[in-house]
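Down below are the structures I want you to see.
Each of the two complexes below includes chain A, the first together with chain B, the second together with chain C.
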Partner chain A sequence: MENEKIIRKEQTRERLLRLAPVMGLILLFAVFMAIAVIRDINIPYSFKNIINQSVIVVVGATGAVFIYTLGSFDISLGASLCVSALLGAMAYNRSGSLLVMLLTCVGVAVLISLISSVLASVFNLPVFVTTIAMLSLLNALALVLIGANGTGDVIQVPAAAVRGINNVWVKLAVMLIYLGFCVFMFNYTKLGRHEKFQGGNPVCAKLTGLNGKRLAIAAFAIAGIGVGLGAFLTITYAPTLSRNTASSVGMDIIISIVFGGMPVSGGARSRIWSAAIGAVSMTLLNQIMLTLSLDSGIGQMVKALIFILVVFISMSNNKGNILPR
Partner chain B sequence: MKTVKKFLAVLLAAVTVFSLSACGSDPNQTTGTAPAASASSEAEKSGPDDSKNVKIGVLVSDVTSAEALAFRAYYEEYIQKQYNVTFMYSDELADAAAEASAIDNFIANNCKAIISFASADRPAQIEQCEANGVYYAVATGTLTDEQYEKFKSYKYYVGAIGPDLMTEYMAGYNMAKSFLDQGYKYFGMFGGATPYYTEMHIYRAAGMLVAMCEAGKGTYLGASDFGGMIGAIYGAGCQLAPAVIGDVELVGYVGGYDFDDAWFGKLAAVANDPKVEVLLAVGSGQTAFAGFKREGQKLGDIDCYTKDSVALMESGTLNYLAGKFSASIGPIFMATLSAVQGHPIRNAEGNAFAIGQGYWVADNAETAKEYFAVDSSKTEPAYTRAMLDTLYGASYQDFENFVKAYSFDEIKNLAK
Partner chain C sequence: MIQTVEIRNMSKRFGPTIALADVSITALGGEVLGLIGENGSGKSTVTSIYAGMQHADSGEMFFMGKPWSPTSMTDALRRGVGMIVQENGTVPGITVAENIFLGETQEFTRGLFVDRKKMTAQAQKALDDIGAGHISASVPAGMLDFQDRKLVEIAKVMAKAPSVLVVDETTTALSQKGRDIIYEIMARMKAEGKTVIFISHDLDEIMEQCDRLTVLRDGKIIRTFSAEEYDPDAIRTSMIGREIQGSYYRSDYEKDAGTETVLKADDLCLSDQLVHLSMELHAGEILGIGGLSHCGMHTLGKVLFGAEHAESGSFTVHGKTIRNEAEAMKEGLGYVAKDRDSESLCTEASIRDNISVAGLDKFAVKDVLILPGREKKYVGEQVAALQIKCSSADQYVSALSGGNKQKVAFGKWTGRGSDILILDCPTRGVDIGVKQAMYRLMYRMRQEGKSILLISEELAELIGMSDRLLVMKDGSISKEFLRSPELSEADVIRCMI
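Presenting the complex of A and B:
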């Protein structure tokens, strides 16, 4: 009886902790709405703004969840997005086709991701090590591409070419289609289950016959699609690209995933929705800071404190080596 | 549990649908279209309307440099206290997407106008503001001729005040010439953002090199005049290198802002070269060279007036400073406020203005101290409220004359 009470208490606690990111998002939304009404800001425009600001991170981070579930991480996603966008823009300027631009962005991003994971496989290194090398390589490649394009320090797509697709509905459609694909792959296919197993206990996963390297390649490929879509959306939002394009996206992806309640060690407790929840939460938090006219430094400190709190809550949900029952 | 999850999912979806259905609203619905301009003399007499707070967004690509901080101090610690305005500053903007995002933030927060110090994609900024009925002005910069022709008739484009490219060229030319006239022949140069195709720095560098060509009776990259030098620099991919220029020599050159050990090493190598007599910087010379400068070497910089730069002038570390003064952004503020309140300042053709404004030049410590005292004043800056109010609803000619009288002495006369 006593044991049953303890188990039920733990289960309730675990459920609450699992719901914490969603509750946090709702709380942030409520705070944002309250401040918006008090300060009389343009609420409809703010919602459009939130979508614009979060959609690129949502698609990039959702794909990255597959990598993080394996207990790994990729530090080069921002640089990969930049290079994919630059090549996508160059492809548009040569072909005049938005479809070619989209396919180039996605193709290049997937190729970069596959190179990272295959290199790790060949050299038998932890994947994140190759992503560190890729980061430097991609930053240099961005400079080379800009130089080779011969248009100064930027590569531009004509604004008129992307004006028609630079709207909330297109962005939402891209985001929802990709989210749907990732949710399906993560929650309803063997791939998702195998990844959680691999991330939770690589030794047991290997003993049961799972190939960790193949899982890593699949995870990186899916993440690459997200990065490619993010690159395409970046071009539609701001068709002037430079070496600084997407410079903060890499860090934003990492923060979003953790903010959304994703366990940093991956494994069975990984949630595909973490990225979307985290990205939107972060954007709402930024909007709140801005509307309150908080000094940039204070705003950063507040975000850092909330981030630490979120990680603490997420870590306290992890009972060491015991998997959920 | 499942019920709770479903409820939360439905709640989130409902909020999203509700918010999206309102997304098509015109952000200017509450403000309406820009009011028609009234007679400028009446507006000028009545002065700015202080009865209603006006929110102005400020786009900045640099938040930490001394120049950026000085500009911000003028707006926040003087202008905001004198007028019923609220400035909303962006974070540091690294690229065009960040600029677009910042403008969206300003619009969402009901900013009536945006003053821009960021230039990753000015055309996109102007288009975004025009589409949303928000006034846009360029501070301390200019549009290219092509851009100006395209945007000059835009209703919400206020105009640009800043050093035009010829002013930048002459700033570099005059600085180099001042040392050449003193008999110096061996130079080290910091090219700043020249390798990144930043026009401002390219033109300053070109000015310095043309001055050297004239004094040394030689050429650099085969060029010796303004047009040729600009073409030569672009032709070299904006990658400059040391060279002998007749009797003068560019002994050492460093470009870019790597801020790594190798970069500092290169700067030190140029400064420590025993042949180098004068170090010239297109900007940030104090950061680049002041720490490595040898005894007896001269240093010239194009930057801004700060406590640190004045201290360097007093110690003899810095010998020539062409600097923007922080109140130089006063007129563009007043033109923006004037436009928001229905009195846009347009030129004779009814177009937005593009007015050049240059630097205060000090080649000795006393002058630098005098300039800095005015520049840093929180109560009596170079452009006070009384002076700026004369620009409210002013005619284009009066406005242009005011802005072009930017030298320290001319401003002192204006103040009387």
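Presenting the complex of A and C:
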């Protein structure tokens, strides 16, 4: 009887820890609503802002979860998004077709991801090493593209061309379709299961017939789709692109994934929803601090403290009690 | 004799599991105290608390008559209590010397720099002192095999000259040479009036080495046997709470294994591990492979599963050449590695994930889509068939005892219906209850026409279970024995060394 009580207590504890990021999001939402009501802030407008700000990171970070699950990471995602957006804009300017722009963005981002992962496979390097090289290469490529375009420091898509799709519903639709695809792949397919197992113990995975290189390539390809969609949404939101476009997205993706409760080392306990929860939580936190007119330095400190707290909770959940028998 | 170790009324829980319930133990100077019990009985828990690895929920501890509460294993070792743990306790990316003096490099600092030469020399001396001089202190620990890494751990502990040494199921991972090193250390400590607490599942070994023997079951002390009271049957009964029915190993001696060759190796060579090795495994046969730890038998297991590649020679399964693990699995091979936690399981994943990952092609729709219901059924069947003790299939493997972990490793392959199993030391670190269950499973599989390549360092197990036994020496097969009631360990040992 007493044992059953303890089992229930342990299960509740584990469930609560697993739900901590969701509860954090709900808490932030409640705080934001309270402040909005007290300060009489235009709530629909604020929500539109939150969606606009978070949707690109949600899409990019959700795909990146596949990479993080393998225990790897990609430092070049922001630069990849920038180059994909630049080439997507150039494709639109040549073709006048939004579909061509979308396909170019996604195609380029997937290609960049594949180059990183295939190079790592060929040279037997950890994938993140090739992404470091890609970061430099892509930054240089962005400069070359802008220079070659002959339009000064920027590449522009006519604002009127993307006005029709620069609305919350289109963005939400793109995000939900991609999220649905990732959730399905991650939780209900052999690929997703293999990715988690590979991240948990690569040696055991190999001895269970899993091909680590192929899994890395698949993970990067899925992440590439997310980055490509992020590039497309970036153009629709801000049609004037420069070398600094999406400069903070790479870091935002990393922070969001961890903020959403993803185990830092990836593996079997990785969760696909982490990225979406983390990205929206981060944006809400930014909005709250903005609404409270907090000094940006203090704001950064608050974010850093919350970040450390989240990592601590996430790690304490993953340590588990090991019975030394 | 002085009472060096005293533990009074110790209790400890791990979540819902009662690991220790009011346990009291004493050990004297100049004594080797044995602890024995099934997996999960609490042997390692009580000693790991005494050695500073974790804390008890309640109870008192004394060392040399004084209250004892070490803050960590390093603290305990510095104050005279050392422990050699069951699983791998070395850091692979640093040198053997750095492992031996881990956390103590300040003792070798000269200004801002560490005097590596001095540290390596002292580490080498520590290795020489325990009889492991063949290990170079300057090489990375990751380059050593399991046995040598274990010897590094022993050297690390013995370098501090502890007054109490806990040896936790270490010998099962070692060859006879490694075991002899530990026995010698234990004998030396006993002669010097020091205390050894020795944990082992090997009843013969523990009776031979220990002056007293305490049996634990379900976190409680069941009985303490003095050397005069040693009786294997009585000890076994105390351990599992019932008499072991029937034979421990298989009892038949009929030569009824199949003649169809399912696995054939021809002239395999791989450095000094495999030297022109040829062999055949037949349907419905348990083929034992024995030898000293470095004879190449563990490498052979990996090569035959496609995980390592021979430099020359070939091998086929059902007539097909195997190039990698995936191809081996397609041909019905399964492989349980010796190093369970590192190679056979993903310990941070659930039982469900571990069992189903090898069999996704068996139950996933179109080999892609995982339907939770199908997966639950697939995993549930293995959990029930292997009697894995767990709260649910979603329990993390890291929280299971050694025996149940091994059952999960088996379940990966039995679930997908593998008809050829390569088992490398499958009963390492498991208690007699689990061992008996594993032997029964192997025998049942054999009766179903499946084939088992049993690689083991336990001669009794090889002789007791194999239809044929190949003895390896220096990468080659030195002798083949057929199953016979007359076959003795001495016959086999003669061909090993």
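Quick note on the criterion: the second predicted complex is superposed on the first by the 310 of 325 C-alpha atoms of A that agree within 3 Å, B and C clash if a C-alpha of one lies under 4 Å from a C-alpha of the other, contacts with A are read in each partner's own complex, and residues count from 1 in each chain.
One rule holds in what follows: a residue touches a chain if its C-beta (ideal position, glycine included) is under 8 Å from a C-beta of that chain, and two chains touch if they have at least 3 such contacts.
Computed from a prediction, not measured in an experiment: that's the story for all the values here.
A.B. asks: Which holds for A:Asn211: it touches chain B only (first), chain C only (second), both, or neither?
C.D. replies: second
A.B. asks: Just checking: does A:Gly267 make contact with chain B only, chain C only, both, or neither of them? Give me first, second, both or neither.
C.D. replies: A:Gly267 sits against chain C, while chain B stays out of touch.
A.B. asks: Now for A:Lys196: first (chain B), second (chain C), both, or neither, which partner does it touch?
C.D. replies: Second partner only, chain C.
A.B. asks: Which partner chains sit in contact with A:Ile38 here, chain B, chain C, both or neither? Use first/second/both/neither.
C.D. replies: A:Ile38: touches no partner chain.
A.B. asks: Could you list, by residue number, the parts of chain C that touch chain A in their complex?
C.D. replies: Interface residues on chain C, with respect to chain A: 13-19, 39-45, 48, 53-54, 85-86, 305, 307, 324-326, 328-329, 335, 337, 342-350, 353, 356-358, 360-361, 364, 367-371, 391, 396, 398-402, 412.
A.B. asks: Can you tell me which positions in chain A touch chain B when the two form their complex?
C.D. replies: Spelled out, the residues of chain A in touch with chain B are 15, 19, 22, 25-26, 29, 39-49, 52-53, 147, 152-154, 159, 168, 172, 234, 237-242, 244-248, 287, 290-291, 293, 296.
A.B. asks: Looking at the complex, which residues from chain A come into contact with chain C?
C.D. replies: 3-4, 6-7, 10, 187-191, 193-194, 196-197, 200-201, 203-211, 267-269, 318, 320-325
A.B. asks: Along chain B, where are the residues that touch chain A in the complex?
C.D. replies: Chain B reaches chain A through residues 1, 4-5, 8, 11-12, 15, 19-20, 22-25, 27, 30, 63, 86, 88-89, 91, 94-101, 104-105, 107-110, 120-121, 123-124, 127, 196-198, 237.
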